[in-house]
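Next up, some structures in structure tokens.
Okay, so subunit A shows up in both of these, paired with subunit B first and subunit C after.
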Partner chain A sequence: MSSTRIDTGTPCVSLQGLRVAFGRQTVLDGLDWALPVGQVVGLLGRNGAGKTTLIETLLGLRDADAGRVVLFGQSALALDDDARARIGYVPQRSDLFEWMTADQLLAYFRSFYPRWNTAKVDGLLSRWDIARDKPIAKLSGGQQQRLSIIRALAHEPELLVLDEPVSSLDPAGRRDFLRELVDQVVDLRTTVVFSTHILSDLERVALDVAFLSGGNIALHATLDDLLESSVRLAGAPADVQGFVSEHQLDAITRQGAAGPIIVRRRGAGGVPATTPAVTVEPVTLEDLFMALTE
Partner chain B sequence: MNDTLFSIGRILLGPWQLRRSQGGLWGLALIAVLCTLTAAVIGYVSGGTSHAWLVVIVVVAGMWGLGGWAMLVLNVFPQNHPTFARLVPHHAVRLRATLLCAWGALLVFAAAGSAACGLPVLACTTGVAATLVVVAAALRWPLLWMLGCFAPFVGQSFAQSTWVQETLAAVATIWTAWHWAIAGTMAAGSVAFLAALVRQGDARHVASYRSRRNSDLRFSLRAAGMVSLTPPDGAAGIVARADGSAYHAWMRHVLARPASSPMVRVQLGLGPSAHWTTRATGALVTFGICAVMVALFRFTALAPFLTGTLGGLSIGVVAGIIVPTMQSQAKLYQTRREQALLMLLPGVPRQGRLNRWLSGQLTLEFVASWVAALMLASLLDAMALAMVDPHARPLVGDGRAMIQVALIPLVAFSWRSWARVSAPTALNAMWPYLLGAVLTAATWGVHRATGLDYTGIGAVYVLLALAWFAVRWRRMANEPSAFPVGRVA
Partner chain C sequence: MRWVSWCITVVIHKDRSPRVTDSSLFSVVAGSAEPIYRQLVAQVRRCVAGGQLKAGDELPSVRDLAQSLAVNPMTVSKAYGLLEAEGLVTRRRGLAMVIAEQHRRAQPAADRIDLLRPTLERAAQEVRQLQLPAAQALILFKTILNEQEGD
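Showing the complex of A and B:
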């Protein structure tokens, strides 16, 4: 299993030795992670793995029991106004500020930010068909989520953190959102972290994926590289073991798991071909998700 | 058969399980201790004979039975979900069986208790049967409680009227001649009524279930001093919309001025429940209701009861205006998800500055409410006395002053470490009331023991509060940021 990715670029976000526990349950356990500027990372993990806790701690909304979070070179717990103006956040639930109308919500947030892209807001409101003068409580779940995304994009943040941003959207809405996200990344070189369970969306937009399991980032890698370098092996256990040793592969599937194992090439070069004793098959992101978060 | 008994047992234990899961067993324990103490005092005062103790024990056990009945009925209503009623086999039958079993067991207890106390068994048991049905009906249709609220005011005149006297005499005669028939009719009617309370999942059941759930939600919000963030349309939302109208007007005013202070806008982001405009509206509404009641008493047949009611109204104004300022925990918790977004906004302070700002705001709100309560209650007194007798001495001046002074130390609730407070529970909501009662008793005790007047006691309370405020002000500098409330609980 690969260790946490170390990038040589200047990190926009850096987490060191992060530990968060709820009573006796440790959710994040000495987690180290760094995100260079302009990276788009899909954060994956099972339900209850701690994705939301990680995101909230990353933003300084939750205090860690140990460790340090640095955003734009500052402690996440003491960000200055300039750093906060560079962050956009879409929380998991979008039924927020329900007593306001969409217009009031956007006017409210606009009053805090030094920069606000009114043209983009107007365009998205009209394209996503959101009634401006309707109380947020009366909007559908999907519309509330879109409004939340508009609010987070409006001040053109340099770091965009999205906690399951498309869970309430239909396929067309998800496609629209992903297009907008890609535009944002291309135009402004925004660093994006988003958690999702919809792996097909991730494959469309994420350049990197990070798997959260056991309180740590189990693997952080470029999506294309990960899919190219990982394969599923099937055969007798002794043959498979011999194959793994011979070709210097890293096992991704946990030790002792039943069924075919998923492995990853250690260095550069192609993946080995099928032999009479061991069948080599390509893997999908879903296979990797199952293996890495088991 | 075993399945049925098991189901009935589970339904009977429902209220207990609900309390346990909501962390409300402390509240029950407190009520049990208070009931036992009250019983002990009554038993002691009534001579301490074995018969007196027996009567006290039966009465207290009966009150427990009545409380348990109310909890069971209140628990059966949400269990009787329309979908379950339609799809789960035997659902409605078992709920009905549970209600009837509990009702029957209480009647057996009533019969045994009345026999032990030497009271007429059939009359007492029939009376208990009717009472249990009335309680269940009042829980199903809460408007019936309104009649109960007016009963103490009109009951005496009603009971003394000739018509009522004659009717009661006629009922007594009929009871003597037909007691078995009346008891039987009452029993059959009660069984039919209780069985009809559990419904089968038809369209009317769906509508009434939804309406009841919404009204319960509104009631629980109001009990915790909050307003609904999303008032329903139509008549049901009139009160909630009125509560938030000042807040919305203020919000439009602030949003129209982009140069307004960030903290004024942060205050708006905490929602209508936690905003001062809602407290101001609440104070005016409380005063308005009391003023209307005074006028109602003055210009109707209830006029003789006005002087006796003034004390309660005046104290009601004080409690109605000040107590909501002590329910900040629930109000701030209501918008903690919004607070997460507020914390990421430029211009919003963090840590010590935020903690002190929040405590300062809550303190200001408390002081303003305290002063408003004093002024409005005095105005109400003046108005009522002018209507009745301009030369009469204010009837409630001392009592109200005592309560108002006693509430001063509760300002300390504003200076908590908000990042560390836990989620509000029913017991949390009771604290301001319980502490208010204890402080009132203590204030009265100090007044009686030292002869110090209430103004002097109030001055001492203010000095103590200021000293504690100074201590907290220093500590707040190093405590975690208040928002989102409870983030390190």
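Showing the complex of A and C:
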């Protein structure tokens, strides 16, 4: 493991009081967030929650109406070339120059970066079966997405931002991509932000999850801790209410008239067991996604 | 019982070199309430209890297992760390994880059945929720066990 990078303890990215509105619609509403170096974070949110807006603002590609984004200690809106070269980005819609061939495109991008891993690029192009000499417009959607991923990995970025990177890939293609991401994390301690709707992919590689809802990060937690500390409670409302206060649980969902609620224990220790009045059941990431992104 | 099939693939190397467990011994179910590192720990625990993994058998390296399952290497490290803390595996020179010395043979059936209990408790709860008669659920379980053996 050849890592020459030094973890100084300062976050790789920090966002403070970020506000972005389109006309009268507020998308990000005073959002605060920080990504420590070397973390792999899954960004989750419903359609229209503002994931792409958040990612574009984080990268300095979009102006915020208020707030600050700091990347590698610099303002995202005034990044120097050195900082730019440390970022890899796979946008939701591939923005490749479609008249070029894959080889031409990669040669073009190579000229911008001081570091470029030719062996990795060649290996991925052949393993992922991408024609080098065909115009990009003639490649399939999945191949274009893979090319976009190769382009983002080629300069071995320290921060890798992926906006729905696997939406056009089949399950085998997604698995290949995850393996590549695993390698990247092992070898380079890359900080990764990864938005996707495919929770099963996210669970495999993201150690942390962040839920975007109501213009804010509703929760950022370690996935394992979240799964182990959260449960679904069912029973008569009064019984459930008593159970919640007795065991010092925090409600993640609001309790409806009768429906079950999801709660999270405060601090360490086990979750309480089922009683005759209240049933306690484990929850999955999908349950939490539904609960936290309402 | 899915774990029956998890515990069958072990690569045996020639002569006196340690048996290196194939990564295909492990599998990961996404979308589960059980975190991935706990799934891996439970799989090793079951295979050791059943005697499929024995003292001296080597687990795959963190990197190999992370690659083959396409999971974060930190998750594999966490599972191995927990297994080490439980005394199921020890760290050998060169960082390979091997099944600990005391696990020479399968555990007594009584201990193994304890490991099965939580899974069956969950199944029993589902039987009650579905309002199925116990006899019918037992017939289904028997049928499934026999199907697996026929494979």
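A few points about this structure:
Just so it is clear, the second predicted complex is superposed on the first by the 280 of 294 C-alpha atoms of A that agree within 3 Å, B and C clash if a C-alpha of one lies under 4 Å from a C-alpha of the other, contacts with A are read in each partner's own complex, and residues count from 1 in each chain.
Here, a residue touches a chain if its C-beta (ideal position, glycine included) is under 8 Å from a C-beta of that chain, and two chains touch if they have at least 3 such contacts.
Computed from a prediction, not measured in an experiment: that's the story for all the values here.
Upon superposition of the two complexes on subunit A, no clash is found between subunit B and subunit C, which fit side by side.
Annotation: apex subunit A, arms to subunit B and subunit C, angle 140° (C-alpha centres, rounded to a multiple of 10).
Using the contact criterion defined above for the overlaid structures, shared-chain residue A:111 touches subunit B, although it does not reach subunit C. After overlaying the two complexes on the shared chain, residue contacts for A:228 are found with subunit C alone; subunit B is out of touch. Contacts of A:98 after superposition on the shared chain: subunit B is touched, whereas subunit C is not.
In the superposed model, A:185 makes contact with subunit C only, not with subunit B.
When both complexes are overlaid on chain A, the residue A:154 reaches neither subunit B nor subunit C. Once the two complexes are laid over each other on the shared chain, residue contacts for A:205 go to subunit C alone; subunit B is not touched. With both structures placed on the common chain, the touch criterion links A:61 to subunit B but leaves subunit C unconnected. Once the two structures are overlaid, the count of subunit A residues touched is higher for B than for its counterpart among subunit B and subunit C.
Nowhere in the superposition do the C-alpha atoms of subunit B and subunit C come closer than 27 Å. Residues 40, 175, 178-179, 182-183, 185-186, 199-201, 203-207, 223-224, 227-228, 282-286 of subunit A touch subunit C in their complex. If you check the complex, the residues on subunit A that touch subunit B are 56, 59-63, 77-79, 81-82, 84-85, 87, 89, 91, 93, 96-100, 104, 107-114, 135, 137-138.
Contact residues of subunit B toward subunit A in the complex are 229-230, 244, 247-248, 251-252, 255, 258, 260, 262, 265, 268-269, 271-272, 337-338, 340-341, 343-348, 350-351, 480-481, 484, 487-488. Of all residues in subunit C, only 28, 30-38, 63, 66-67, 69-75, 78 touch subunit A in the complex they form.
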